Amino acid sequence: MRKHLLYGAIVFVVVILLFTLLPSVYSNEDLFFQAMVYLALAQGVNILYGFTGYLPFGYVGFFGTGAYATALSITLLHIPPIPAILIGGLASVVLGILLSPLLRLSGAYFAIGSLAASQMVYYIVSNPALQNLTNGPYGINLESVYQPRASYITMIVIVALVMGVVIYIRNSRFGLALQAIREDPVSAGMAGIHVVRQRAMAWFLSAMIAGVVGGAFAWHISVFYPTTVFDLNISIFAIVFTLFGGVTTVLGPVLGMFVLYGFYNVIGISEPQYFQLIYGVLILVLVLFLPSGMVSLMKRRGHYVP
Amino acid sequence: MLTYTIISGLLFGLFCSLMGIGLNLIFGVMRFVNLAHGDFLMLGAFGAYFAYTFWGLSPALALVVEIIVMIAIGALIYYAFVPRLLRSRDPEMLSLIFFFGISQIIQAIAVIAFSNNPRSIVWSALGSANYQVLGQGFQESWVVSALISAIVIALVYVYLYHTKIGYATRAVMGSQEEAASSGINVHRVSAIAMGIGLALASAAGTLSPFLLGSITPNMGSDITTTSFSIIIIGSLGNPLGTVLGGLIYGLSSMFMQSYVPSWANLVPYLLLFLILLFKPSGLLGKVVRHA
Amino acid sequence: MKSTPYRVLSRIAVSGVIASAMTLSGVAAASAASKAPAAPKQIVIGTLYASSGSFAQSSLPQYAGLKFWVNQMNQSGGAYVKAFHKKIPLKLVAYNDQSSSTTAATLYNQLITQNKVNILVSDFGSVLTSVAVPIAQEHKMLLIDPTGTGDSFFSKTNPYIALTSLPTSGVWPTTLANYLIDKHYKRIAVIYDQNDFDQSQATTLTNKLKTAHITPVYNNSVPTSTSNYPVLVHAIMSSNPDAVIELGYPTNDIPFLQSVSASGAKFNMLFTIFPGQLLSSMEQNVGVTSLAGTYTYPTPPLLVYNNVNFGLGMNAFATAFSKANNSAPNFLDVAGYNAGLVIQKALANTNGLSQLQLRQSLYTFSGKMFTLDGLFKLSPTGAQIGETLPVAQLVKSGNGLKVNVVTP
Amino acid sequence: MSPKSILVLEKIVKQFGQFRALDGVSLELSAGEILGLVGPNGSGKTTCINVIAGLYRPDEGNLYFQGSKITRHSLTHSAHMGINRTFQVPKPFKSLTVRENLVIADHYAKRPHPPLDELLEFVGLSSLADREAGSLNSSQQKLLDLARALATGPNLLLIDELAAGLNPSELDKVAEKVQYLAKSGIAILLVEHLLGFINSLTKRVIVMNAGREIFEGDLETAAKNPEVNAVYLGG
């Protein structure tokens, strides 16, 4: 057990060091910021899908809610950015509580149900009827608090916390319990696990991560429209990165993000339609030949994957 | 205004039923959610567009050709990939991701081949007369589209209830194991169902320029979600329940447009969400879930 | 679990993969990098375009217009820069943001931090421009903004932006509103889409009408994704309007006009935005007969200014552009080219290549330069106020349509 | 209700739509006692276990465990009180290791029980402790189910078809284990098709048919009962 924790810690340290040091080697901080956003979101998806089996197509709903709650706390309540980001996380948890009946659905029903929920939040936030509150379709402008350095550091802290949480879950009884619930809720109940409670905790945790990440994103990008933060591609990227790397591990989403997002930046920028094509083909290959992601290559050889 | 809204809702609803029915057939037979449904519909739409623009073919004719081609393509996709998917540990989830991959590929190829510019077919391609129904004027394209939708749906009914392979299809929908044990070739039935499912999507596609406005390579994703709401409202796995789902969807969105247009887009998602929460089996469905 | 050397090695290999994947992504994105020395051999212009997604249809022509201008400059040996008293060749660096504003943010940053561009030009429209505004301000880069007309981009505290082509969207309906009032239209229907561009126009329009004591008989917003208009058109008809104003994107204008035409409804005045910008595409999709008689904001090339004092005139541009690109220019080609002309003039007047010098230079000819796109005039906040949008009626001429400016 | 009864069922009714799976079942069970539940398919044996374990809520009647009413308790709550079970089709956590399966139950049930290593030894899975549970064969998975149930420290154990698919020598071993558990004070309710197996364990059997008890006593007497015979011959 202790050794497993050590492997997790190595991944943690490498990731955090990379994001701390890379901007001084290569000054496009934004590239690394986006990478961190996707990494944290991928880990959020990992907690939910990897450990409980719920595939959240509408994960971006929490991201957008966090972004908006953070932005509105700053513009309307004049709260400084960092506490505002925490409010963003809380707002997503509140949304998670409102949407918790979704957890009664399984498989594809949940996936599509969460998608519908996120679209609903988007249409409500961007509706002109709420213009006085959300600024409706006009979007958000946070130029007055724009500090890319500070928001970058905040994002590193968030990634560190998220990685820490995932390492904890991966190595704790809580994580085992979640996997047990995913495998067989009845047996899990018989084993004394409060199925509904534990599942809800994973759901809220995952919602909070997306909310906080959304908040930091809002601060960093500072001018955005509802379409920017409720873009379904954000969910899809996070999900594909997670699946590609391999769920239920700390390393999987990290690998998935670095490889695919790296790949995206290599060919995606100049020839995106070819990228989308290759992306699609990669997904088919993954599903047909490597359904448990890249880490299964290591697992098959009998290695422990943190 | 009320009469107009109701009749438009019914006409639009018939089209919506056609839009969802293929997705539901595939779900019913294979328990797969075809996330590329909207993209096959988009291909159908572009097929009709090119047929009309280059050869002057009526969309109604394009529809017939596309149905035949798509049945073949669907069966091909089935035999190439699905047996392998079914052997995996979690076929339901993997199929979801698989069809997402297919959707990405289709969209990418469509952008490369067709470019991004929105296209549309002039409405007079389906007739330019103005029909009088209950003292209200409706453009012919809507009436004709609704009529074609109704005919195609009727054919689906005939297929399911009055042909031998249709009986087998319904048996597989009931239970794959029992169907297999009573000597039905489940793979063959499923492959045909896949073909018909995609064919129905492309059939709806040929009519979509008249009901959904201009067509683009990226139109598919929204359509998949909308179709999914339609079939859930009706009843998942019961293709004819889709007719009810389509009509309810069509009517409610037309009512929203008439009376509270600014919130019209919430309709499909709100309906989907409510039905999922309170009656996951759909309005016509029997309770299927226990735990 | 025993720790064998093999295990340790595999652990190291893992971190190696991570590190190399990360550097890979970085290096690749930097491939087009170049440094800008004090006496530059070339001037680097950076921009973004969208080859796919919802803005591709407008972004690609804008990019083509800018590219056309760059090629023209380089064919004549480069752009003249006053500070160095000589012509310097131009280099255009462009990335594809696929209509995603998050991708765009990273790429704007890439242009500034890695390509070290001298001049930053934003992508088409408000959504893709929005994320560039704070990034440009942070890096103290002047953002040349061809068509991002969001009101909120322009403020007294931010000197690093200049809108080259269109007025901010809130200003657009000024002439339209005056025209409606002059013509004594009392029953006016307004339907607009829920986005910054359309809603700010609707707000300005209804406010102006209010000062003339006109309340629209129908005034509703619809989601931007609306593609199905028969019932909406019917609802508008039942409010019995004389004038119908639809404010949307091309994907809204097309089905709206189709529905109006199919419903057989006749209004004294029917106004939409995009026939004036993308006429040939609208003709293809809606049909000449259905468009004839409707009103729009005409823009170049439909609108030809005869008092051009800088750059090519409309006819010369249309000929040269068609020759180079095998297609006739539309408004966004003109807007891209016009952004180039503004840059050209700014370089010709500047005392140095610093961003604030460039900005100062813009104001030396603001209000004096007349291009094929109209008068270039900046407000103190960098918003465009020279170009105004007249109102025109589309009238049939032969097999096609031409514009007949009704006001001013 | 006798004071030493650990489990009491009072006229339990469970209905699925029109179908009465349990139609007024009453029974009592004491600590250390083994009670066999037999009957043809669909007679309500498994439903009975599901109701006691808290998987189904009864529509009528009451359940008492150690003197307190547990009619509306959830699965988890019952597990925490000391009721546990195995399944006819084993349901271990397949992607977890054998040991992790027990660690979970140990951690979440929070009840006293023998050390996990002893439990593994007891069911004979010690050598497979670090294997994924999904890789075990079906009878090993059944034993794992049993070990997991024991790791929750139950006072009442509901065993659903443990013997199916075992060879005679394995049967003897399992019977020994069940007897050992009963001797340690655990009340055991045994659903079983193999009458010989039951007969070797207990003299107290309840025969069910169509959701009702039709006989209570030992198996030899049962064999002479005409109603029991009718059920078995007829079904």
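Letters are used for the chains, namely A, B, C and D, taken in the order the chains are written, and counting of residues starts over at 1 for each.
The definition used in the following text is that a contact is a pair of C-beta atoms (placed from the backbone, for glycine too) under 8 Å apart; a residue touches a chain by one contact, two chains touch by 3 or more.
The model shown is predicted, which means the values in this text are computed figures rather than measured ones.
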{"item": "Pair of chains whose C-beta contact count is the highest in the structure", "value": "A-C"}
{"item": "Farthest chain (mean CA position) relative to chain A", "value": "D"}
{"item": "Distance from chain D to chain C - Cα centre to Cα centre, in angstrom", "value": "73"}
{"item": "Between chain C and chain A, distance of the C-alpha-averaged centres to the nearest whole Å", "value": "33"}
{"item": "Gap in Å, rounded to a whole number, between the CA centres of chain C and chain B", "value": "37"}
{"item": "Approximate Å spacing (C-alpha centroids) for the pair chain B, chain D", "value": "49"}
{"item": "For chain A, residues that touch 2 or more chains besides their own", "value": "123, 127-128, 186, 273, 276"}
{"item": "Multi-partner residues of chain B (each touching 2 or more other chains)", "value": "111, 262, 265"}
{"item": "Junction residues of chain C - those touching two or more other chains", "value": "51-52, 194, 221, 223"}
{"item": "Arrangement of touching chains [line / ring / star / complete / other]", "value": "other"}
{"item": "Touching pairs - complete list by chain label", "value": "A-B, A-C, A-D, B-C"}
{"item": "Residue numbers on chain A that touch chain D, as the complex places them", "value": "173, 176-177, 179-180, 183-184, 186-195, 248"}
{"item": "Chain C residues within the chain A interface of the complex", "value": "1, 3, 7, 10-11, 14-15, 17-19, 21-22, 24-26, 28-30, 51-52, 95-96, 98, 100-102, 105-110, 113-114, 126-127, 130-131, 133-135, 137-138, 150, 152-153, 155, 157-158, 194-196, 199-200, 221, 223-224"}
{"item": "Touch list for chain C against partner chain B, complex", "value": "51-54, 56-57, 60, 191, 194, 220-223, 225-232, 234-235, 238, 250-251, 254-255, 258, 261-264, 281, 285-287"}
{"item": "Residues of chain A touching chain B in the complex", "value": "53, 55, 101-102, 104-109, 111-113, 115-117, 119-120, 123-124, 127-129, 185-186, 232, 236, 243, 273-277, 279-284, 286-288, 291"}
{"item": "Partner chain A, residues of chain D touching it in the complex", "value": "53-55, 74-76, 79-80, 84-85, 87, 91-96, 100-101, 103-105, 107-110, 145, 148-149, 151-152"}
